[in-house]
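One structure is given here, and the rest of the page talks about it.
In order of appearance the chains are A, B, C and D, and numbering begins at 1 in each one.
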Amino acid sequence: MTHLPLNDSPSAMQQTLGYRMTSWTPDHAAFEMPVSPEILNRAGIPHGGALATLLDTTMGNAGCYSAPGEPLHNALTLTLNVSYLAQARGKLLIAKGRRTGGGRSTFFAEATVEDETGVLIATGSGAFRWR
Amino acid sequence: MTHLPLNDSPSAMQQTLGYRMTSWTPDHAAFEMPVSPEILNRAGIPHGGALATLLDTTMGNAGCYSAPGEPLHNALTLTLNVSYLAQARGKLLIAKGRRTGGGRSTFFAEATVEDETGVLIATGSGAFRWR
Amino acid sequence: MTHLPLNDSPSAMQQTLGYRMTSWTPDHAAFEMPVSPEILNRAGIPHGGALATLLDTTMGNAGCYSAPGEPLHNALTLTLNVSYLAQARGKLLIAKGRRTGGGRSTFFAEATVEDETGVLIATGSGAFRWR
Amino acid sequence: MTHLPLNDSPSAMQQTLGYRMTSWTPDHAAFEMPVSPEILNRAGIPHGGALATLLDTTMGNAGCYSAPGEPLHNALTLTLNVSYLAQARGKLLIAKGRRTGGGRSTFFAEATVEDETGVLIATGSGAFRWR
């Protein structure tokens, strides 16, 4: 079942960089981040750190799904790995993540970032811990 | 020789997250990021993406030193890897990076983030390309 | 078109660990490694280094496809990232890799290792350079 | 205190690739791997997987020190990241690793591989779990 944690206020970092969750189901999450002036680097394209933030958030949430009414869980990132495949030339960064495995205390996840034209901008993987 | 690229305006992302270069010598760079409300996650500590941004920036600059008066170079991140060792409980994030190797087109770098009390918060490594 | 570089002698490392290519098409490669006694760790399961070797080889070849009769190219690994999702309890390690992006000099790839029962054992990503 | 787990038989993988522990102290470990014909790739240099194996083993042991007479612990690798800085042209691969942080269940480590002439060949980092 897809639902968004609407009643939960976004984090400060989320507001600072302007991303938002667009889908949330067991083991999956999706986020979008508009390419706003605030996230650009000197070359005029989204900073790699903005992409890393988006990937980290998407993967963490992919492993932390809570059904409506259930308490929210948080993920603690242990390691984050990002590959920067192409420069983001579009107006919207679309991230999709999924939990790929794990056990009782840790989980693994992967995520991609595409722009609105479907160009694959970055991929990420990581290990996370529930807390 | 240490010098800062003072005449060069910081990137938008840099202004958004509030970090700044504090040292720059051949193969080395240091940055600081105050723990401002804007970079916090829901747990009230700096978002892992803020640390990833700081590490990425520090490593990229470590490999791109330009002597005073020389043109600035930019680094393109190929891959970024971050290990989150401890939660940042301090007020200032201090990042130190160095170029560890590479050839004519690509370079490798490592960096650490400590808080002002010396606790090691995160480490990073990556591959970069000059452009 | 799928073909195997049959006339090309395998590397010494390939013979040492006992893996072999099973499929090779543009941007894709597959390898298999039997779970032989030689690759086990003290816990009696395949050593993480064997999985890393298999992932590295599969990804490198995924980006280096040569049509039959064309000269073989080699990939130089810049960075390799491996996530160990589950212990390999089966008898055969099956790796599938694909090139995910890149430009003229470098490419990115991802790969998975499953056992013969379909359990996802490890995932990998990396940046590579043609030479 | 430095001691080697001499009474403990090496793993099969260790015998296959020919590496051995040379130093072991709390939070630190060192291993050596001769550049034997068995670990070479088609280019005649050590396969990246051999370096990954050496780094993984060195880091895992760095976090698993046991004093003489105490029971041995094993580390489970969660994620492994390797940067390949230079081709190994020497005759001996010398790996040094150290635990960089962690808590009760997981730890982080870093390691380097140099050849006998001091050239930095590869660096690694990873997250591990005690078992």
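Heads up, the rule we're going with is that contacts are C-beta pairs under 8 Å (C-beta built on N, C-alpha and C of every residue); 3 or more make two chains touch, one makes a residue touch a chain.
The model shown is predicted, which means the values in this text are computed figures rather than measured ones.
The minimal number of chain-to-chain contact steps leading from chain A to chain D is 1.
With centres computed as the average of Cα coordinates, no chain lies farther from chain B than C. Counting C-beta pairs in contact across B-C and across A-B gives the higher total for A-B.
These two copies of the sequence, chain A and chain C, are related by a rotation of 180 degrees on CA atoms, to the nearest 5. The geometric centre of chain A is 28 Å away from that of chain C, both derived from CA atoms. One finds 21 Å separating the Cα centroids of chain A and chain B. Annotation: 33 Å between the Cα-based centres of chain B and chain C. Looking at chain D, one finds that residues 78-79, 81, 83, 108, 125-127 touch two or more other chains.
Interface of chain D with chain B (complex): residues 81, 83, 85-86, 100-102, 108, 110, 120, 123, 125-127.
By the touch criterion given at the top, residues 78-79, 81, 105-106, 108, 125-127, 129 of chain C touch chain B in their complex. Contacts from chain B toward chain A in the complex involve residues 11-13, 15-17, 37-43, 47-50, 52-54, 56-57, 74, 76-84.
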